[in-house]
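Quick heads-up: structures coming right below.
Below, chain A partners chain B and then partners chain C, in two separate complexes.
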Partner chain A sequence: MKLYNYELSGNCYKLRLLMSFLGVDYETEAIDFYPGQKHKSPDFRQINPLGQLPAIEDNGLVLRDAQAILVYIASKYDADGTWYPAQDPALLGQVMQWLAFADGITATASAARLHDGLYYSHIDVEAARKGAHTLFRILDEHLFFAEDAGQAWICPSDQPTIADIACFPYIMLSEEGGINRMDYPAIRRWCDRFKRIPGFIVMPGIFPAGPAFEKPAA
Partner chain B sequence: MLCNDRILLDDWHVVADLDHLSKGGIEKTVLFEQPITVTRSDTGVIACSDTTGPLPCQVKYGFVWICPGTPGRDIVHIPEAFDEDRYVISGGSFGVQVSGLRVVENFLDMGHFPFVHAGWLGEEPHTEVRPYQVEVTRDDEILATECYFHQPVASPTAKGGIEVQYTYRVYRSYSVALYKTNPLFDDRMDYIVLFIQPVGPEKCVVHSMLCYMKREMTRARLRWFMQLIFAQDKPILENQIPRRLPLDPRAETPIRADKAAIVYRRWLREHNVHYGATVA
Partner chain C sequence: MLHSLYQQWFPIASSTDLVPRHVYQAQLLGREFAVWRADDGYVNVWENRCLHRGVRLSIGINDGRELKCQYHGWRYTNRTAGCTYIPAHPADAPARTICNNTYPAQEAHGLIWAGEEANGPLPDLGAHANGIVLRPIPVHAPAEMVETTLQSYDQDILFFVQPCDSDHCIIRGIAKPNDDRTVLLRQHSFALGELRDQVEAHAALVEAPARYKPVIARVAEDFIDIPTLTKEGRTADLPVTITAKDIIAKGIARLRLEPLKCALPTFQPGAHVDVHLQNGLVRQYSLTNGPGETDHYTIGVKLEPDSRGGSSTIHALNLGDNLAISVPRNNFPLRRDAVETILIAGGIGMTPLLSMARALNVQGLPFAFHYFVQSDAHIAFRQEIGTFADAATIHKGLSPEDTSTKLSEILAEPGPARHVYICGPGPMLDTAREIAGRTGWSDTQIHFEYFKNNTQRNTSGSFKIELARSAMTLTVPEGTSILNVLHENGINMSSSCELGACGTCRCTVIAGEIDHQDVYLTDSEKAAGNAMMTCVSRARSDRLILDI
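Let's turn to the complex of A and B:
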């Protein structure tokens, strides 16, 4: 499999995470997203006409969209079927619900990060931050009640799902967009649990689990 | 606090990377808390203005430069940028919520390699910074030489861990550079220059110019590597307290004797640089 990759993209990181959790071998092709804007180039639009990262190529299949690729990789390479629980309709529905929620996180928290970090000056950063806080509040409450019911992950399964992967990166990178996570203790505990999943890898801006950075759940 | 430092106002500052500014494009940015507009016409002509009107500007090294005051000197001359056998490209412009002076100091510090860039520019247990030389040259630049560090992945072209030699050079308060060993050459070094745009006293944009030997390198790999490394520094920089660089010699006791940082702070005091610093 080949991943068209940008190292600082949280959406590309979602795929690197899942492939690491599953032990899938893949190669990467670095796309000069910034400042080169090569994802908008005619060459890259042959791969993804939308001009967006990530995209993959696997045995001749070309796919775009982080969430779609998560579904594909989990379906194809997860023998246990826990990351994408296709056999459990109620659970699967919830996974899809939170995948859509993750797109909202990208549209808000990731946009604020692009504004502050990469100087995308056309983004309305205040609106983006406000939108991210609205979503973080909803997820924090959800995780609070989930923990109360003995559930560690976003969806009611003993194992994490691709919904956890889809939500994780831009929540962890939110401070680069001026979005503080101080007021979301259940999110902070969930992030710490996520970092302890065997096979977890970091990206720039995200640190490994450890007492110095995130306190484990009490 | 707006800038009152003549040495900074009468100098040239990068405000945009041409690679990020398309033809017919417009970019809004900030220098010394003043909004700046940079435009590139359909024919490629660059113009800059602030709220009062047009500003003198120049294009050099692939960046747009402006001088908010009366230019007292020209843009720094960097011969490495004209070498035929190097790629000379920007590494991207990154907004960082910290004083640009803090960025310079971090750039001069080898001690953080094994911790912040673990597996790339350093690795435990090789954490010791061996003694090196620092001087202020006749051209009034700071030069740190004889710096050595073991690096697992010194460059995208590295085939394994090597002993890397560094030379650091502070051109001006907000411009700093380093030479480092290229894994494929005995006699040629790669060169990285940071042009730091002071947006506010606690906020900057870091523009980088990469002058790398072309052998076995591609532009995309080079940018990939630079951004990977810089994004590892960013959260560390943004957690510095205070966000400004303390210039009072008693204000902050360095944890280890960091010679280059001590000389840099003294040099800033002697040049009356206050912007981005806290002064007793």
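Let's turn to the complex of A and C:
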């Protein structure tokens, strides 16, 4: 598999995360998003006419859109079927619901980060930040009640799903767009749990978590 | 007005926000806090910035005992917030003055309460005591505006509004105990969310008040570098009481010391305290504590058969007896950047190495702990050693020859980033020093701590000392130490063992030939001739110029 990749892209990071969790081998081709704007070049638009990262090529299949690629990789390479629980309609519905929510996070929190960090001056950054806070309030309340019911992840499964992966990067990078997460304690705790998933990898701006608490042996 | 708010207690988190190994981010009256619960349950409320470069500690790592800054890895310990390790200065013990700001905190009724300078009792919760803590609702509006709006809310809920800043607050409510907890939580989370939207819409129409300006203390220039040794002499500033005493091995007593007033200062692995006894004697004992164990000090004391009144007096002490001890000093600091650390302990010399091994073990750094004892009955701190699993090896009942052979095996392979720490009886240390020299270990990789100085000392001959920075010249008469002459002349110089073993009274020598009589400096340091132990070492030349 080949990933058209940009190191600072949260959407590319979603795929690097899932492939690391699943232990899938892949190669990358670096696309110079900034300052080269190579994702808008004629060469890359033949791979993705939308001129957006990420995209993959796997055995002749070309696929774009981070969420779509998460569905593809999880369906194809996760033997346990926990990341994309296709056999459980109620759970799958919720996964898809939160994948759509993750698109909203990209449209707001990621947009504010592009404005502050990568000179996307045409973006209305105040509207983007406000939109991100609205979504974060909803997710924080959701995670508070999930925790209260003994559930660690966004969807009611014992295992994390691709919904967690889809939401994680642009939440974790939100401060680069001037979006403070102090008001979202349940989101902050979920971020710690996410970082402790075996196989977790970092990207610039995202730090690893410390060791988890283990009850001392009696 | 701000000043009166500083005196108050405010809830700044729910107890359930402080899950293990997490750092919670809070704000009160404009000041940001990093809030974290240690594995022993203690709740730390600290200023949310690293003393080094100001990075928020709320993105740091809570390892259950210490908080590590993400930026350059400075470590701050549970309770005291003192810095215990600076990776860029691996060979040095951070000065005690490197300590983060802490704030008063209490945990009660499912909430964490704090305040800038809070004092006095917590508010009386009446019928709401131990009620249901509602999901906190942050609001972008002044606290007073939110409080006014809440007056028309459900009167069964007791509300506290946490003023994060002048235009930002958090509604924290407590409901009376109720069977339908989850229903109640959901209902109020929604209703308070609606209330928030209203208040925020209203707040958007009025001019936002000026932000609170918390006083941010300037960080001393000293923090950029490692400050020099403290200046005070041999003082016993800390009154402590014995809260546990047991015999843990043949002739070895373990004492748990807890403070009689205020908190105990920060220590690092390798540190020792001076224990001042009722009979006027002063003895040094290493702290055996693990990282983050900051509510007490534990020492191990061996009853010496030829005790001159030190160990025998301590063994006669009882529970509830009070002692005066010095602040901890660390002249045996532990590096954490070694690819492997080898700890070699002989008998009661295991105490500083135990503290080191516990720190390395918690951090998951590779180490080997070799413990030489006379017999099974002499093994102290068995439970702590048990946690080291395969890293610990106990060598029992070896003859001096076998000990030498074993030390040769352990020290067979000097490596570029391997470090050895040895503490034990003089003859064992001398053997180890000789083997290390032969196998090619450099002085900078092998670290010794002697608990006494058995060398025959010579106090004959008088000489002059010139104090370069004090512009004084003093005479050191026969039979008197440099340290005594300094103290007699009102010059502060820290000291501890006063036997040339601990390293506290180290002094830089600018000129003159030194007659080294200590066991603290390494051979190469002695040969370099620019440092001395003022308690025992003297001059070969007529005069020494000291950097004092």
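Here is the rule we use: the second predicted complex is superposed on the first by the 210 of 218 C-alpha atoms of A that agree within 3 Å, B and C clash if a C-alpha of one lies under 4 Å from a C-alpha of the other, contacts with A are read in each partner's own complex, and residues count from 1 in each chain.
In this section, a residue touches a chain if its C-beta (ideal position, glycine included) is under 8 Å from a C-beta of that chain, and two chains touch if they have at least 3 such contacts.
Just so it is clear, the structure is predicted and the values come from calculations on it, not from any experiment.
Novice: Contact-wise, after the overlay, does A:116 reach chain B, chain C, both or neither (first, second, both, neither)?
Specialist: first
Novice: Touch test for A:185: chain B only (first), chain C only (second), both, or neither?
Specialist: The answer is second: A:185 touches chain C but not chain B.
Novice: Now for A:36: first (chain B), second (chain C), both, or neither, which partner does it touch?
Specialist: first
Novice: Determine, under the contact definition given at the top, whether A:205 touches first (chain B), second (chain C), both, or neither.
Specialist: First partner only.
Novice: I'd like to know which partner A:124 touches here: chain B for first, chain C for second, both or neither.
Specialist: neither
Novice: Kindly classify A:8 by the partners it touches after superposition: chain B alone (first), chain C alone (second), both, or neither?
Specialist: In the superposed model, A:8 contacts chain B only, not chain C.
Novice: For A:145, decide between first (touching chain B), second (touching chain C), both and neither.
Specialist: The answer is second: A:145 touches chain C but not chain B.
Novice: Find the residues of chain A that appear in the contact set with chain B and again in the contact set with chain C.
Specialist: After superposing on chain A, chain A residues 207 contact both chain B and chain C.
Novice: Please give the residue numbers of chain B that touch chain A in the complex, ascending.
Specialist: Spelled out, the residues of chain B in touch with chain A are 17, 19-20, 22, 27-29, 90, 92-95, 97, 205, 219-221, 223-224, 227-232, 234-235, 238.
Novice: Mind listing the chain A positions that touch chain B in their complex?
Specialist: Its residues touching chain B are 7-8, 30-32, 34-38, 116-119, 121, 175-176, 178, 203-205, 207.
Novice: Sort out for me which residues of chain C touch chain A in the complex.
Specialist: 13, 17, 19-22, 24-27, 32, 39, 58-59, 61-64, 68, 70, 135-136, 138, 164, 170, 182, 185-186, 189, 193, 364
Novice: Name, in rising order, each residue of chain A that touches chain C in their complex.
Specialist: The touching residues are 137, 141, 144-145, 148-149, 181-183, 185, 188-189, 192, 207, 209-213.
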